[in-house]
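Below are two complexes that have subunit A in common, paired first with subunit B and then with subunit C.
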Partner chain A sequence: MNQHERIEFDVVVVGAGLAGSAAAMVMAREGLNVALVERGQKPGGKNYFGGAIYTHAIEEVLPDFMERNPPFERPVTEAGFWFLSQDGLMRATVQGGNLDRSPADAYTTLRASFDLWWAEQAQKEGAFLIPKTTVVDFIREADGQVIGVVTDRPQGEIYAPVVIICEGVNNLLAQKLGLIDRDLEPAHLALAFKQVISLSSETINTRFGLPDSEHGLAVSVLGDVSLGLPGMGFVYTNKTTLSVGLGVMLDTLAEYKLKPYEVLQRYLAHPAIAPLVAGGQLLEYGGHLIPEGGYRDMPRLFTGGAMVAGDAAAMVNALHWEGTNMAIIAGKRAAETALEAHSRGDFSERVMSRYEDRLKDGFILQDLKQYRNFARFLETHPEFMGTYPVFLNDALGNFFSAYGKPKRRLFREILGALTNRRSLPQAAGDIISMGRAVMGW
Partner chain B sequence: MKRNDGFESKELPAEVQGTLPDVYVDDLLVTIKYFVDEEHAHLWIEDHEVCARCRHKPCLYFCPVNVYTLGHDGKIQVAYQACVECGSCRVGCPYSNIGWTLPRGGYGVAYKFG
Partner chain C sequence: MFHALVAIKQVPDTTNIRIDPETGNLVREGVPAIMNPYDAHALAEAVHWKRKLGGKVTVVSMGPPSFIVTIREAIELGADRGILISDRKFAGADTLATSYVLAAVIAEVHAEDPLDLIFFGKQAIDGDTAQVGPGVAVRLDMPIVTYAVKVRDIDLQGRTVVVERKTERWTEVVETPLPTLLTCEKEIAEIPFAPLPDLIRSLRYDPEIWSREEPIEFDSGQIGVRGSPTIVYKMGTPPLPEAGEKVNARELGVGTAVSHALDLAQRSGILSAVLGGE
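This part shows the complex of A and B:
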């Protein structure tokens, strides 16, 4: 091929998800020629999540986002935990206060529409979207410097001095580049699966105690939802649908020979959940992996001419439901680094390393480092997903059925409900372990 | 790296044994939109001998869309058309015996809601 036929851009972004389109938006706005390569028919088609999107991250990339009609479902005005026993439910949620702001901190969302809109904003800034195209390799110089990508199109080479890899949880390209030398482990990957269930907005409002469609609920569900095994369920209210599902660690599914759709069906049939979804029509089922290993599973974040962001870089904080926001902010930080590289005309590893410096300045690397032991903590303390949620149900259930009973006996029963499962020293140890895992000590 | 001895097999706690319902997976699959690449399978078994020696065959369980089933001949069959590209089998096969690539551009799952 002669020099003139080369397809050249200032930057190639691999993947038009949350990280990729954020990066493309920021760079195109500053005048760079950006190719945004997406393997799906259109952006969003490959993505699946709970879930909610956080406005602090959107605003950082797109300050006027509310004027651009983002396809949000409902603001999250009530959030918290539900603890399931086999036949009971204890709710611990908050509403009002910080959850009563406009725009809200979080909006429930469906990814097919949100990611499409997000990529359209990048296109409006001038990014060039190349859909239906899978990136399969890199073009590199003899010294390893990345100078482009190879796609599965005929003559599908695209040259660019910077490539931002936002390929998602299946980190094939990061591995190809040697940024990480292994697949993520099943013990650090949650397989999440959910159903999108159609109900009228009035039915949703009534069943979830929401005054209108401008109020929404987002909860994590612990306990019987995952048969007490390492995993966590969720319920998100959308405008006229519910997103109900759960994530279970992949090694747990394998070890106990569990079929995801059976675990989900069991959850939907739970006596406290079934009335919430009753009469609803299943619109879509699906599944996706979540990289929950955090800091210890992160690849090297850059090399000469390339950076990696989002799920591909294991940027997820499972306890705080964070991941989408990290992807967006990391995409922006990678974009800033690409802009700096272009203004200096220097795409070396030294300049790319400024991406990591930028991430260290903010919550992403600080939090991921602080929570670096959290994945292992959950692995070694499954009682937080089994024993304790069931105990909380029993304890509160006993408290509110102790009428006419000597209260000394009540408290002995409650204590017994705990010590039947964990001794007091064990329980104290569990709580200290959780504190250490969260604080990063 | 990968454990080549397979997964540890564990028993469910007594109180939840027998509480999992039977599910007809096709009822779920019909809700998923796909652009199926009829000419090219993006998943395959590398070596059926390895599967024959695999004690627990976890792929038969953890795949969220039941891509892997046991045929009458005892071989693992791969219904790649139903794949949602999650990657569970790519990392979950204890022998790294599943060939896994992304579908060609434009093909594969296309979630309508996500």
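This part shows the complex of A and C:
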């Protein structure tokens, strides 16, 4: 290639994660010349999550996904909450119904293999993957219109009339474009960390009561998980591994000077968790930030020639474990907008704003707006992650114990266990606040 | 115009490997494949001189089709042409069969477009034999400089090259006629961060695939398993050396500790070995 020749594409997508590869897939399929720029050695190399991935989003981008051998681990056939007290476990999970269909609503997944496959589907549609390359800045017209990107490589400019930014949680590029005027706040970031622990599939099936490897479990673990600090654990069953970990807000870790691996070790040693992982071999240990600030932390989603999708745009609904599906759908909406811009030959801010219109039509912006107070609610009501789950656990434990004393006294004791920690008016207020935070009132 | 050829090998990243304790074999599953680091440094030096003198760099590798990614990586680092010698019949080659094949391919490339320098890494990090470079040089009847750490000067008109090579005690400065074969240490050149146009070209690049018959015909008796007299009798991991005695200077006092350590070293014969009996 001539050194003075400009590198030009119809679109540059920054980041081959869930949003980026979805966007690239949709645009390449319609014939656009797409550069998919990834900083890792391979797609997925930098990505990490709990976790499970939702099929409704995959299907919307890739209807025949099941024929393309997706690297799913297990279908999620049981999901819900576990409440830990200091030594007890109360399970509130569901199975059957909507969780018992094929393809399943969600599959447990490891991102290193899933993201690689996901990017391969984009490449099969014709997207051009450029790995090992980090986008560090933009090429802009005098009026600010984005017309390309600058990468960290020598002669690293790539020209394109549209850039879709799917850079992940650390939204340096969105900041560079002025779409958000502040750095990420530790109080709105969860640091999630986990171990991937190898066990035979038979052992996993036995320990989790799963009939076979075509059944899997995904649970959030509340209560006594993170040294009494606000945090939420999780357990996902994979084919021959478990993903077990927890997320703690970054400011909490900093304030109490906690080392993530120490918190994780303690969680794994909990009497209810330890037998599940016993005898397993540690394969991986890692962590990743999750932008949990939600709607209030979202950057402006577009400017002339550019759009932002996925974690970079804080598209995460922490309560419902949604984020990957939002990333995929937002990537698709950005792609549709880029296609519209190309067909009109107009890449102005006005056309880019159609991206936000498309998001408002669907669940992403509606849900994020509804849950806009939820991050703040959890910040101010840590008892929902600690006190209440522990109380529920103890209460149910007492309810099913025969102490040989009158039940009236027992109920009084159970209630007393709550009112020791939270007065009744306080508890009532908490429940109302929770309802308001979830309903968006 | 300068023309260099670099022989490269794809190897498992040995910083990341595990040995199966029962079979003694390398566990290849999940281990990333990389370009042999010594080869990558040799390639960087070849590309450096190409950019300085004008000309081109050809890379050659022998292996299965999965080696295409390594050829592409060489293109990314500045090679112009990549040849992958790939045929089931080459499989199972030891260093003898490999040097036979590489020598024949290099002779063919040289006949098409004369070569000035041929670069090898000093050894591959999987086999650690350091035999293939010298094996090729002998077959090509070409001068060889092993353990090269620096190419001082290339004189294309005078047909000479001045190379520094590392020995255990000294650096030797060698002048040899071109073409010459070098086997290189990592110090020979830093691996640069490739410009974006080179990366893009590499991602679109399809190497030439040379088979047993085309474009040159190899003698079936000298390739693959049939051409490889080496027999691996047994593989295993060496036992870890036992930890030596520790002398606590804080408890004993520095003087006592040092004389105790010296005494131990003398009795075990280490001291005389290090000092050479002086």
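Going forward, the second predicted complex is superposed on the first by the 436 of 441 C-alpha atoms of A that agree within 3 Å, B and C clash if a C-alpha of one lies under 4 Å from a C-alpha of the other, contacts with A are read in each partner's own complex, and residues count from 1 in each chain.
Rule of thumb we're sticking to: contacts are C-beta pairs under 8 Å (C-beta built on N, C-alpha and C of every residue); 3 or more make two chains touch, one makes a residue touch a chain.
Treat the numbers as computed from the prediction; the structure is a model and nothing was measured.
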{"item": "Touching partner for A:Phe65 - first (subunit B), second (subunit C), both, neither", "value": "neither"}
{"item": "Touching partner for A:Trp118 - first (subunit B), second (subunit C), both, neither", "value": "neither"}
{"item": "Touching partner for A:Leu253 - first (subunit B), second (subunit C), both, neither", "value": "first"}
{"item": "Touching partner for A:Gln86 - first (subunit B), second (subunit C), both, neither", "value": "first"}
{"item": "Contacts of A:Arg39 with subunit B and subunit C, given as first, second, both or neither", "value": "first"}
{"item": "Partner chain in contact with A:Arg153 - subunit B first, subunit C second, else both or neither", "value": "both"}
{"item": "Contacts of A:Arg266 with subunit B and subunit C, given as first, second, both or neither", "value": "first"}
{"item": "Comparing the two partners subunit B and subunit C, which touches a greater set of residues in subunit A", "value": "B"}
{"item": "Partner chain in contact with A:Asp183 - subunit B first, subunit C second, else both or neither", "value": "first"}
{"item": "Which of subunit B and subunit C A:Tyr355 touches, first, second, both or neither", "value": "neither"}
{"item": "Contact residues of subunit A, present in both the subunit B and the subunit C interface", "value": "41, 132-133, 151-153"}
{"item": "Residue ranges of subunit A in contact with subunit C within the complex", "value": "1-3, 5, 7, 41, 128-130, 132-133, 151-158"}
{"item": "Contacting residues of subunit A [partner subunit B, same complex]", "value": "39-41, 44-49, 86, 110-115, 131-134, 136, 151-153, 169-170, 172, 182-186, 189, 191, 193, 195-196, 224, 227-228, 241, 250-251, 253-263, 265-266, 269, 282-289, 386"}
{"item": "Interfacial residue positions of subunit B with respect to subunit A in the complex", "value": "1-2, 7-13, 15-16, 19-23, 25, 27-29, 31-32, 35, 56, 58, 61-66, 84-88, 90-92, 102-106, 108-114"}
{"item": "Parts of subunit C lying in touch with subunit A, wherever the complex brings them together", "value": "32, 193-201, 203"}
